[in-house]
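Below are structures written as structure tokens.
What follows is a pair of complexes built around subunit A, which joins subunit B in one and subunit C in the other.
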Partner chain A sequence: MSKKTFAIALMDPPYESENLTTAFRILDVMARRGHNINVFAYEGASGLAFAKQAPHPNPVHGKNLAEENHPTTKDQVAALLALAARNGGKVDWVNCGMCVDERGVGEFVADTRRGSPADFHAFCEASDNVLAIPTK
Partner chain B sequence: MAEYLLIESRDPFESNDVGYYCDLARGLVEAGNRVTLFLIQNAVLAARPSAHAPQLRAVIGSGIKVLADDFALKERGIAKLLDGVQIAPIEIVVDHLEAGHKTLWH
Partner chain C sequence: MAKKTLNIVESAYRAVMEEQDDTILWLLAAMRAAGAEHTVVLRGNAVNYAVAGQGAPGLAIGGWKQTQAPRMDNDVIDLIEKRKIPVFVIEEDLAARGIERGELVPGVQLLSARMLPKRMAEYDLVSHW
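This part shows the complex of A and B:
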């Protein structure tokens, strides 16, 4: 299969919806296959790449930070970018600027950027296919 | 003739919209298109033989390929499926996107 470019829209916020688990599974396959991935993180999803997310221990279960090994979406975003790069693909991860400002999540992990719905329009025009994953 | 992948994420016992999505799948086939319905997340609950899910049963056997996400089934401990529903990996979504099929998420 030749390299493709896909546009993906995400809307769900971190730590709330199984949609994101499935979305990251799909993105993982795309990255492993070396495709270019253009992600528009909109509304709650604009917090996925927020750099100040921190893992935590779980005192209820008696687990310290290392034992709990709590995943953060900022690490999942960074891992996606690294995986795509290792396989010859590129991820352009855009965080909706207005959504970011509303939520105060304007500090992003490296190699993601601020943008607007105009970026999603451009992504759709430049992509071989599009998948929009809306909130329920 | 176009080819569609319809991804259903919702539990039919929680959302009446699932019935409309199944109607959409059947309508697309009746209009001459090829349709695959991929059940993910809580949508796989309808694929149990014991589930009362007339919307899904009406889709099976109507010319629509019905798949259920292996990960979602395993998470929920579902091992037995309705006849006509096949287990599939998440890679199937990327396969369809690569092929240029119209892919919708519900």
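This part shows the complex of A and C:
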């Protein structure tokens, strides 16, 4: 299979919908196959790579911090970047700058960056296909 | 004495993978520990929470793996048995989805949609989630 380049637009914030679970499953497969992935994290999705996310214990579940092993999207983003690198693909993960400022989530995990809608335009122009997963 | 609250839960499976539970069932369990007096009615797609034996494999992204994927049936059992929160399901919504009574976790009670307004009148507060 030849290497492709995909652009993905995400809009949902962490912990609010199942859209991101679906998106990360698709991104995982793309990265496993070594494709290049350009992500535009727009609106609420600009918080996905926020570095200060923290897991928590869950007293309702009766589990401590380690037992609960609560997911954070920043760890999922980092895992995606590492997976792509192992398989020869590149990920350009762009966090919409104005969206980030609105939410105060300007500290990102390593190898993601601040950007703008112009980046998404460039991604669309340069990609073999584009997948937008909007908030509805 | 705490106000009696009827919680009609209709939104289903929203963010359950990321939260590892349903946010409203979790909230009610946590409030119960603080003294709240709740009853739950599952309606619409949320009736599926009461189906026994369900589950999803944990999410895996590269080297990151989820180890505590949600089990909604267990969370319903927890509400009934540990929290002593009555849980009803709307029987018409079960029927519309082809779910039989025998597929549900123990302790869940059936409630006809026609009887729901009368049931509401028995509570101080009604929340529709």
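Brief remarks on what is shown
To be clear about the criterion, the second predicted complex is superposed on the first by the 136 of 136 C-alpha atoms of A that agree within 3 Å, B and C clash if a C-alpha of one lies under 4 Å from a C-alpha of the other, contacts with A are read in each partner's own complex, and residues count from 1 in each chain.
Just so it is clear, a residue touches a chain if its C-beta (ideal position, glycine included) is under 8 Å from a C-beta of that chain, and two chains touch if they have at least 3 such contacts.
The model shown is predicted, which means the values in this text are computed figures rather than measured ones.
Bringing the complexes onto one copy of subunit A puts subunit B beside subunit C with no clash. In the superposed model, A:E16 lies in contact with subunit C only, and not with subunit B. By the document's definition of touching, both partners, subunit B and subunit C, reach A:R25.
In the superposed model, A:H61 lies in contact with subunit C only, and not with subunit B. When the two complexes are overlaid on their common chain A, residue A:A132 makes contact with subunit B while staying clear of subunit C. Between the Cα centres of subunit B and subunit C, as seen from that of subunit A, there is an angle of 60°, stated in steps of 10. When the two structures are aligned on the shared chain, A:H70 is found in touch with subunit C, with no touch to subunit B. In the superposition on chain A, A:A82 makes contact with subunit C only, while subunit B stays out of contact range. Once the two complexes are laid over each other on the shared chain, residue contacts for A:K4 go to subunit B alone; subunit C is not touched. Of the two partners, subunit B and subunit C, it is C that touches more residues of subunit A.
Minimum C-alpha separation, subunit B to subunit C, in the superposed model: 5 Å. Subunit A residues 18, 25 lie at the interface with subunit B in one structure and with subunit C in the other. Against subunit B, in their complex, subunit A makes its touches with residues 1, 4, 6, 18-19, 22, 25-26, 29-30, 33, 35, 128-134, 136.
Every residue of subunit B that touches subunit A in the complex is listed here, in rising order: 9-10, 15, 40-42, 69, 71, 90-91, 93-94, 97-98, 100-101, 103, 105.
Against subunit C, in their complex, subunit A makes its touches with residues 14-18, 20-21, 24-25, 27-28, 31, 58-61, 63, 67-71, 73, 75-76, 78-80, 82-83, 86. Interface of subunit C with subunit A (complex): residues 13-21, 26, 29-30, 33, 59-64, 66-68.
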